[in-house]
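Note that the chains take the letters A, B, C and D in the order they are written out, and that residue 1 is the start of every chain.
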Amino acid sequence: MTKKKIFIGTDTVSGVAPQILKAVLTASKTKTLPYGNDIFTKKCERTVKKIFQKNDLEIITMMSGTASNSLALASFLRSYGNVICHNNSHINQDEGGAPEFFSGGGKLLTLSNTLGRIKAEDLLKKIEEINFKGKLNTVISGVSITQLAENGTLYSLDEIRAISKICKKYKLALHMDGARFSNALVSQSPLSPAEATWKLGVDCLTLGATKNGAMAAEIIIFFSKDLAKEAKYHLKQTGHLIPKTRIISAQLNAWFENDLWLNLAKFANQKASYLRKKLSKFKDFKILFPTQGNEVFVEMSKISYNNILKLNIFPKLWNKKNNCVVVRFVTSFETTTDEIDEIINRLNTKFANN
Amino acid sequence: MTKKKIFIGTDTVSGVAPQILKAVLTASKTKTLPYGNDIFTKKCERTVKKIFQKNDLEIITMMSGTASNSLALASFLRSYGNVICHNNSHINQDEGGAPEFFSGGGKLLTLSNTLGRIKAEDLLKKIEEINFKGKLNTVISGVSITQLAENGTLYSLDEIRAISKICKKYKLALHMDGARFSNALVSQSPLSPAEATWKLGVDCLTLGATKNGAMAAEIIIFFSKDLAKEAKYHLKQTGHLIPKTRIISAQLNAWFENDLWLNLAKFANQKASYLRKKLSKFKDFKILFPTQGNEVFVEMSKISYNNILKLNIFPKLWNKKNNCVVVRFVTSFETTTDEIDEIINRLNTKFANN
Amino acid sequence: MTKKKIFIGTDTVSGVAPQILKAVLTASKTKTLPYGNDIFTKKCERTVKKIFQKNDLEIITMMSGTASNSLALASFLRSYGNVICHNNSHINQDEGGAPEFFSGGGKLLTLSNTLGRIKAEDLLKKIEEINFKGKLNTVISGVSITQLAENGTLYSLDEIRAISKICKKYKLALHMDGARFSNALVSQSPLSPAEATWKLGVDCLTLGATKNGAMAAEIIIFFSKDLAKEAKYHLKQTGHLIPKTRIISAQLNAWFENDLWLNLAKFANQKASYLRKKLSKFKDFKILFPTQGNEVFVEMSKISYNNILKLNIFPKLWNKKNNCVVVRFVTSFETTTDEIDEIINRLNTKFANN
Amino acid sequence: MTKKKIFIGTDTVSGVAPQILKAVLTASKTKTLPYGNDIFTKKCERTVKKIFQKNDLEIITMMSGTASNSLALASFLRSYGNVICHNNSHINQDEGGAPEFFSGGGKLLTLSNTLGRIKAEDLLKKIEEINFKGKLNTVISGVSITQLAENGTLYSLDEIRAISKICKKYKLALHMDGARFSNALVSQSPLSPAEATWKLGVDCLTLGATKNGAMAAEIIIFFSKDLAKEAKYHLKQTGHLIPKTRIISAQLNAWFENDLWLNLAKFANQKASYLRKKLSKFKDFKILFPTQGNEVFVEMSKISYNNILKLNIFPKLWNKKNNCVVVRFVTSFETTTDEIDEIINRLNTKFANN
């Protein structure tokens, strides 16, 4: 008998939380102004200001994470400019050249390590190396970090502080890709959104709800109003300002309400911990990196991987090297303990414990 | 006693048809592949092929009308290229430079007349005038027409045929902005979608559902697969390929099902006819252009316009000249006869009949 | 016997003044820093400051007029911005979309009239009409005027003042395309370069030497240093910063020395006056526009034009309408009285005087 | 007594060969068509076809090396595309983002090694790694190699063949940056230009004359006419098509005539060999890489480097690490044996031989 397929490789296409669906229905029926001048977007702005404890910030709500990252970067990245980021970052590897396009030719300069996070000392070295080449050849505009990082781990407050200090010294903007910011935040609990961002020197945050309960809702938060000046024009020119913006903002309002965003993230993180603990018992699996959010990375032989697929379990194939593969398991607000137990039960039929 | 505000100036921010809302709910809960590889998008492709009686076409479903126009244009418009369109067209006046941006600097060359539609003879004259200047100065890539035109009237089949003939002669792509294509189609009933587009020589159509019952759903139909080759890369790079594309395609599926798109359009058009008939009775109003879809344009003095606003009726201020204004009334699938009667009743309190 | 061909249609491909050739030879042999840090460019900067009576200006010397215009425009034109110019302007019709490209999609909005010059009242009307549409749709960034205008006439000081006043009011940058600025300046003698530009409110001037004695030398003068900030990065990124910049700047130094630029222009203008006087005697020719620089525009029948070509005289075919053509005669610093007399003698064999 | 400064760090700002200066003078005085339709450019095309033994090629002559590289790349690189090159390559590190700009956002993916040349095996690995990520994320368009490589060494015919084979397999265009191609060619003598380029599978070559005797002259050779189709439009739109193109092409004609280009390169290479031999005697200097053209790279302590500067000898500071620096000595067609002997004499006063 064929087993039901279990997709456990991404949170990108999870479902939609009921509270958010309900908000979409209400907004659909509400008459209000188009193009972001609606009451839902205004409420969202008030909410964000309160949650982030800052009054002089600007927000943009939109439907696409790739676009929100690129628009945020374009707020300080000119065609002749460069942004330093990790080689594995989503903006560098997964966005089809959107940051380069939005900025009219801006360039990403990458730092590599197996850690998945930029180290302050590497950043400093890179900046000095580049400046040595001469200012007309390469203009550094900013730095982009990802929280949770691409390998599912956290930048510590100290790590961000060290990076931020370098940014201030060299007058570079600091961008945080927060596609999984909510997972990161609850993982450091108690930590306020403000302490996790602008109080550390982050200039703008792209905060994603789509992976964590929304239908399609992302928000850019500019902690400096100056940075936001051109973004509204870019939003329009890139076709991301839609008439019924109320539908997007309504999702975000429901997401923020009663800490839904944090609760969904907490739930997902707990499931990831549980999954990790269970997976770590198999001797064919080597767990990589700490699990500080909702992701578990596992190294295994190609043979093991193929056996997993035969069990109709589908983690995401992350990379391949020689006879090994790395796969990613991701939990979401929808992942149940039953689902994980089912995964483990199936694995038990093919794999031995330590 | 203050009267309830009546917004009758745009269909852009109307509500969402219940059939479409229901489809969104279902899609939200359905597990399927991300980024347009889902079962809803596949179904949408099959449906479009059937409705447009053509197998070798390609579709892209997306959330933004500005973006779908720009992406369609960028399929044949290079940075050094030019597209000829009407001066009043949405791509020229209302999209914040998106066509120019998506094409990396492509240029719109405009034809002007009060008609709101390109005339074949003017097009020909423009092409000859440009080619006279020399090929390196200005490269003409294509022509874009809007159906319904911006002033709410129809291009006749003969008008499009004449334009299309010139396009073929000069090897220019022919794009149709169909933000209100459904209103245009039912207005020419019986006319098949095929006869209204590719059989006339239209190379790509951007077909909008957002103004006619959807939440946020647009579709580009490439009648030549060649034209579509680069569009999927552009879609990704411009940040318009979203993970939960299923939500968009599900809206379109419901929209096409049981001729909902046509029925909603027919309803809106009928209401516009009714409104026009009523408005034409007032001697202070001068109705402009035939009403061949869901729009009624009215010229009046500034004083009259201000009096209308005082009645809490809000048509869209279209343009101003000297002491006159032109305003636009737009009906949608939600406009009721009662709502129109209420408008007329209020007008009767301030304006005299012929 | 076939007569020698006389090309009298453009000053673009005239020869090189001996003083400038000599300067090129000297610069070729001089060791100095590359990329504009050379002693010739520094001298050029000092010279321009003196001639334009302004210390806080910035210059860029380069080889291409199209590029210098586009770079100047890009100093204030963003991808989402618009520049208002005359429909016939070189930036709009003859530069292959370079302004749009350099600005990543910026747009030119055009004003039309047979005059060839923008009228302040039309500019004002256009601005108001655009602003009516809404700020996100169209952002006006600046205005560009051409001195000499494309039809060979002058903007009067009052005309520029009126345009400049509107620019200040709406915070628009004012650019002057001065491809034939030297011809314009001597035509208004005595008028200082300062009085003809920044004292009128011009923010940046692209001053061309190539049409008036140089090999390939153009200069952008930013009267506001702020405007120049990004231009040096753009210069590099567009590939217009060449290693041996000294060769360009040396041409300009020779051009400015001992008023060579003014003397060459005066010479060309005198020849144009002489030619115009002679041409006006033929009853088949209708002289258009005043000749206020080095250009004479003549309307004639197609038959007349063909007869001129048969005489091996080649003015530039400017435009065609029905049975008429307009042709342009352009004199340069190389045009001799003998050459003009030869043209007139040939014409006398086919055309009758008034 | 202060010694005369000796700049020995770059060939970029050397003088101009007398044969080329003479050609510039002649072209200055010759009346011919503008914008590359002149007799000099036509002759250049015939010459290149003969020298490269290929009739179906297209050329573009221009003034800027950065622009010629970027234009060549843009012939196959779209905004969403990627080109693989060495991390140290000129296009990646020294052109201010021009390749990204010309392609509207195209991206360079880099391979690193101390060799300075791409290895076929690394290229293959990179391609497979990228394709693993998915086609919408990263579209590989082509590969760019530099001959002479940035560290002054040669790609062997076998190395290029191996790279070219991979390009064919994956349908990638192969571009060669030949800023110092002439130095590379004579270094492999006897080797025909054809055997060094298109017979190995190179699709387009940017061949530089500026570093080797010209004033400002570069040429793009498209070995496939298809590739050249859009380049002429780009040339115009980027402002690199200048009216007096004859001045550029005349330089190239003189450069190719009587093997001047090869003779100048041979001369420069010989001087580099001589210099290398002499430098290698000093025990404080460590010569890096083979000298296969006109460049000698030397590693030394910072103290040594400062001592060299005190002798008024200026090689180019290439990079720094800890207490060491790498400097580059470059010879040109102007470098004399006397000049080198003078360098060595000065060095003898401060440095000891082995």
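By definition in this document, a residue touches a chain if its C-beta (ideal position, glycine included) is under 8 Å from a C-beta of that chain, and two chains touch if they have at least 3 such contacts.
As the structure is a prediction and not an experimental result, all values here were calculated from the model.
Chain centres were defined as the mean of their Cα atoms; on that basis the chain farthest from chain A turns out to be C.
Comparing each option in A-C, C-D or B-C with A-B by residue number, the pair that reproduces over half of the contacts is C-D. If you compare B-D with A-D, the chain pair joined by more contacting C-beta pairs is A-D. Taking each chain's centre as the mean of its C-alpha atoms, chain A lies 41 Å from chain D.
Rounded to whole angstrom, the centroid-to-centroid distance between chain B and chain D, based on C-alpha atoms, equals 51 Å. Contact with two or more other chains is made by residues 79-80, 95-97, 101, 104-105, 136-137, 139, 233, 236-237, 241 of chain B.
Only residues 79-82, 93-97, 100-101, 103-108, 129, 132-133, 136-139, 319-320 of chain D touch chain A when the two sit together in their complex.
Contact residues of chain B toward chain D in the complex are 35, 78-80, 104-105, 136-137, 139, 230, 232-234, 236-237, 241. For chain D in complex with chain C, the touching residues are 7, 10, 12-13, 15-16, 21, 24-25, 28-29, 31-34, 63-68, 70-71, 95-98, 101-102, 104, 210, 215-216, 233, 236-244, 246-247.
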